[in-house]
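Following this line, the structures themselves.
Consider the two complexes below, in which subunit A is the common component and subunit B and subunit C are the respective partners.
Right after this comes the complex of A and B.
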């Protein structure tokens, strides 16, 4: 009898595995293959295998756009962190698990185009000239909730006895913040940075709408390369650059984030 | 005490920053003007114009497209993602890691890159322009979220429960449908809700893959093409207000219900 159940079980285990196959096929076709096509396109110009697209990209104005975007990305991320950390900290201290926390996260569920258009309307009403300043405020406005959420989650996961230990050992408030809170919430800080930085440099429409098309960010250029000038080659190179940034930040996130948090899922 | 009041003030300032545009749009949706005054008095004209404006046909069509794409793609994603999670959970260690990493790709990847890579793929293999491309694209970016929501429930589940069902004479299919599925159902439901919301909310993937000639618009691409050029008309104030209220109410409802059940620790939303 035991033999019978055993063969039966191995067969069943195989069976349950089978449920994964359609999705594995789907992923290969609709996620991996398109990225492979981008990789191939990056190395092909005029039907030949060359590095021409890379040279064209480095020499084009898109390089400047990339640098600009990185600056906008860094400024936005730093501002979100400077506003978001105190918010997450105070929420955790005074309003743990209350509706107040929800209030800070809710806006991220409203479509970003609608929020951006609403902000633009307000800027126009206040008579603020659209430009770099409005783009930055708009970006911070859009991505602040994405910074607060991971920060709040990681701060609330801190074991309070570490904090108490630091205090008992005579650390003042600043030392507790720098040596206990910040290192212990590092995983949240890194994932907050990633969730703000990557979308900021690669989104399109926000900068276009908030600067009356004066300011271009990398996402806008990638979009234009494919949709307006159909230069797939250079566009693919730019996508690869973007992909590299994504993978680097993801690598950092995995390195510094604790494993448990990671398996808990995305947000 | 002073400290607490100061911190509360700080939080209120940030809240004001986050909600000011939303609140202003809602208040002045009742003025039927775009200059944030009540020069025409308080009225519902903006809301009435949703149905009478020359754009209302196109708006209604965009709304229908949004729902159609969201329903089809989220149902398919949920089925595909749930069965995928069951399968992936049984894979060998190495294979499991590879599949999980590839599954993460659409989640971590920049949306523009995902969108253009799909576009190049659809063009290369000559997929017909239109709904098919959009629905496939939406399934591709939302299924990973279903898998990520179902997987933890499967990992938590005691595998002996499944084995016990088999030992008690259930067929494997029966054991899955009446034992495994009910146990992981909270993950399936939140995965489905997330897939639906992500699809409704999507702009970048849709904008790049809708094709120039089909004229298919979802709400977000329609807003982009209309409001970007002409600016917001009073009619958009009304539409936005409705969307704000519906979205905020739904998310609030889901979260408060979740919290009252006390099912999740720490994490809010999804």
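Right after this comes the complex of A and C.
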């Protein structure tokens, strides 16, 4: 092959990579740049490079808020998993690839603010006092589809012969569930947990609407920092904390998930 | 799996289609063959204008200067949100409509323009007029009295040169007359703490999610309980609501925390709706919202609401239009300011939102067009101008807010503390852990029993 054709090739080079460039540009402007800004803001107070914002964050009531949000996140995730797994299991068993699956995604098509407002109306109508309980119900309701779908995906990806093998070898139903289904759908469980846990600790609209602002979560706190008190520094530190949480949980998920085959989820 | 993919693709297609439709249907304003286009960015409170008047202004302005004026109107719910946006948000805004203490802050931050400046009017190319000519003189007097010696970076500044009043009112309590009894009203600001122990009122009270307003209520509650700290005892209402004395702030925080057990929640704009539809019975309210809610509740549900300022001690506030230094359209901004305070427009805004216009009541009641508009809207003009909620007669013990200055952050943090306290998810987490543990035990037992049974069968 001559030199000329080679240069010609490099100039045109309309391979699949090219289609990725617009997105890379988008990513840099709207994802990387804001992150850099957050990082810079977190270390700047009164125009100087300090750790003042971190000190202010640790000393404020925000630590309490963070702890509370983490509990809310864990509770929501556990509940979603407890409700979501049986649902995904049954969907897979009886309604595989049917319209029923669609029914579970359907609520996600309605704007979640409107859904939350509707939930609020229902609680008011039933005379339920708005508070922590209603916030949790709202969270679970809103994030349940994010748990069910990855679970449904990974369960439907399980090779039936494993299950049959387990049954042939004399395992009862419970053993099949514990020793075959759950380990084989671990990747779905893990991606479901990530999909639910992270958004729940940062959400603010649900807690605001379903508790009349009585429940104050980390997301509300960050929102107030930026919108009301113009404490961009402390707000950025809090965003960094959120980011750290995301990274930690991703790291943990990967660590546990690596043993399994790669996730097949659409997520 | 395949069906699922198809569904996902369908969702994406539907989303794209809606986006395209949304984009395509934009921009259908008529152009009337005018050459230039101008924009005016107005940033105002929620529920604070008759939006038809915006269109009328654009029309009139367009005719006068032969341009297309597009008004970009956006809204905020508290002065603090507005200040953050204007100070740090980097948004292009021409006009804002904050309260007097926020105007003080904007001046301190060097963000707004002196609108009496001749050069400004010359630059805009319009003849200078006295924007304050229709304004109620008591407003100017009150502002001068409180902010008279405002000193910014060594220069004396007259606050009245930096804004033009739009609406004014008081802070008080809006309540449902069916639920709130005379004995509750006697507890004064204690009504918001359900000090009368009215069982129906418990959990039916809304507090404003706004540090300044809640602080006023907290301070005055302490005052009527006689629990003011020594350091601030004997101060006037005016001084009290602006004090950020450490002991007072701590005491207010305690009293606001105490309130958490009886209130339904914190709101800013929706609380009045809940009083109207009868899901709550009392809330901290601004007088104009109260007027609006009283009218709506009676018209829609035949429900009687009322408004009062406990002990006649509270807060009187003045909101007005201020021109930002960064404004790109000074001409339209100045025209907008004078347009809004023409008697006929002032009264229409006032009717629409319930607030009291800053235009002198005597000018309004003497204007034939105003009377006509009032009659069209089925108001008795005499009643309108003598309504105590709208035009309070006794302002002596109502304080005007001033900027907290460098203490603002401390106050905001205090308010965040109050909101964050008390509601922990621990109990529910424990219940769930308990439930899971119980379920686990049950499963283990079943497993164990079944396993035993099977082995026995095999034997």
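In this section, the second predicted complex is superposed on the first by the 227 of 267 C-alpha atoms of A that agree within 3 Å, B and C clash if a C-alpha of one lies under 4 Å from a C-alpha of the other, contacts with A are read in each partner's own complex, and residues count from 1 in each chain.
We take it that a residue touches a chain if its C-beta (ideal position, glycine included) is under 8 Å from a C-beta of that chain, and two chains touch if they have at least 3 such contacts.
All figures in this text were calculated on a predicted structure; none of them were measured in a lab.
When the two complexes are overlaid on their common chain A, residue A:229 makes contact with subunit C while staying clear of subunit B. Looking at the shared chain after the overlay, A:102 reaches both subunit B and subunit C.
In the superposition on chain A, A:122 makes contact with subunit B only, not with subunit C. Looking at the shared chain after the overlay, A:130 reaches subunit C, while subunit B stays out of its contact range. Once the two complexes are overlaid on the shared chain, A:169 sits clear of subunit B and of subunit C alike. In the superposition on chain A, A:33 makes contact with subunit B only, not with subunit C.
Contact with both subunit B and subunit C is seen for A:156 once the two complexes are overlaid on the shared chain.
More residues of subunit A lie in contact with B than with the other chain of the pair subunit B and subunit C. In the superposed pair of complexes, A:78 makes contact with subunit C only, with no contact to subunit B.
After overlaying the two complexes on the shared chain, residue contacts for A:49 are found with neither subunit B nor subunit C.
Subunit A uses residues 97, 101-102, 105, 109, 153, 156-157, 226-227, 232, 266 to touch subunit B in one structure and subunit C in the other.
If you check the complex, the residues on subunit A that touch subunit B are 5, 8-9, 12-13, 15-24, 26-27, 30-35, 37-38, 41, 83, 86-87, 90-91, 93-95, 97, 99-107, 109-115, 117-119, 121-122, 125, 141, 144-145, 149, 152-153, 156-157, 194, 198-199, 202-205, 208-209, 219, 222-223, 226-227, 232, 235-236, 239, 242-243, 245-246, 250, 263-267. Of all residues in subunit A, only 60-62, 64-65, 68, 71-72, 74-75, 78-79, 82, 97, 101-102, 105, 109, 124, 129-133, 136, 153, 156-157, 172, 174, 211-216, 220-221, 224, 226-232, 266 touch subunit C in the complex they form. Against subunit A, in their complex, subunit C makes its touches with residues 1-5, 7-8, 11, 78, 80-81, 83-84, 87-88, 203, 206, 209, 260, 263-267, 279, 408-409, 412-413, 416-417, 419-421, 423-429, 432, 436, 443, 446-447, 450-451, 454.
Of all residues in subunit B, only 4, 7-8, 10-11, 14-15, 17-22, 24-25, 34-36, 80-81, 83-91, 99, 102-114, 116-121, 124, 136-137, 139-140, 143, 145, 147-149, 151-152, 155, 163, 166-167, 172, 176, 197, 201, 203-204, 208, 219-220, 223-224, 227-228, 231-232, 236, 240, 243-244, 247-248, 251-252, 255-256, 259, 266-270 touch subunit A in the complex they form.
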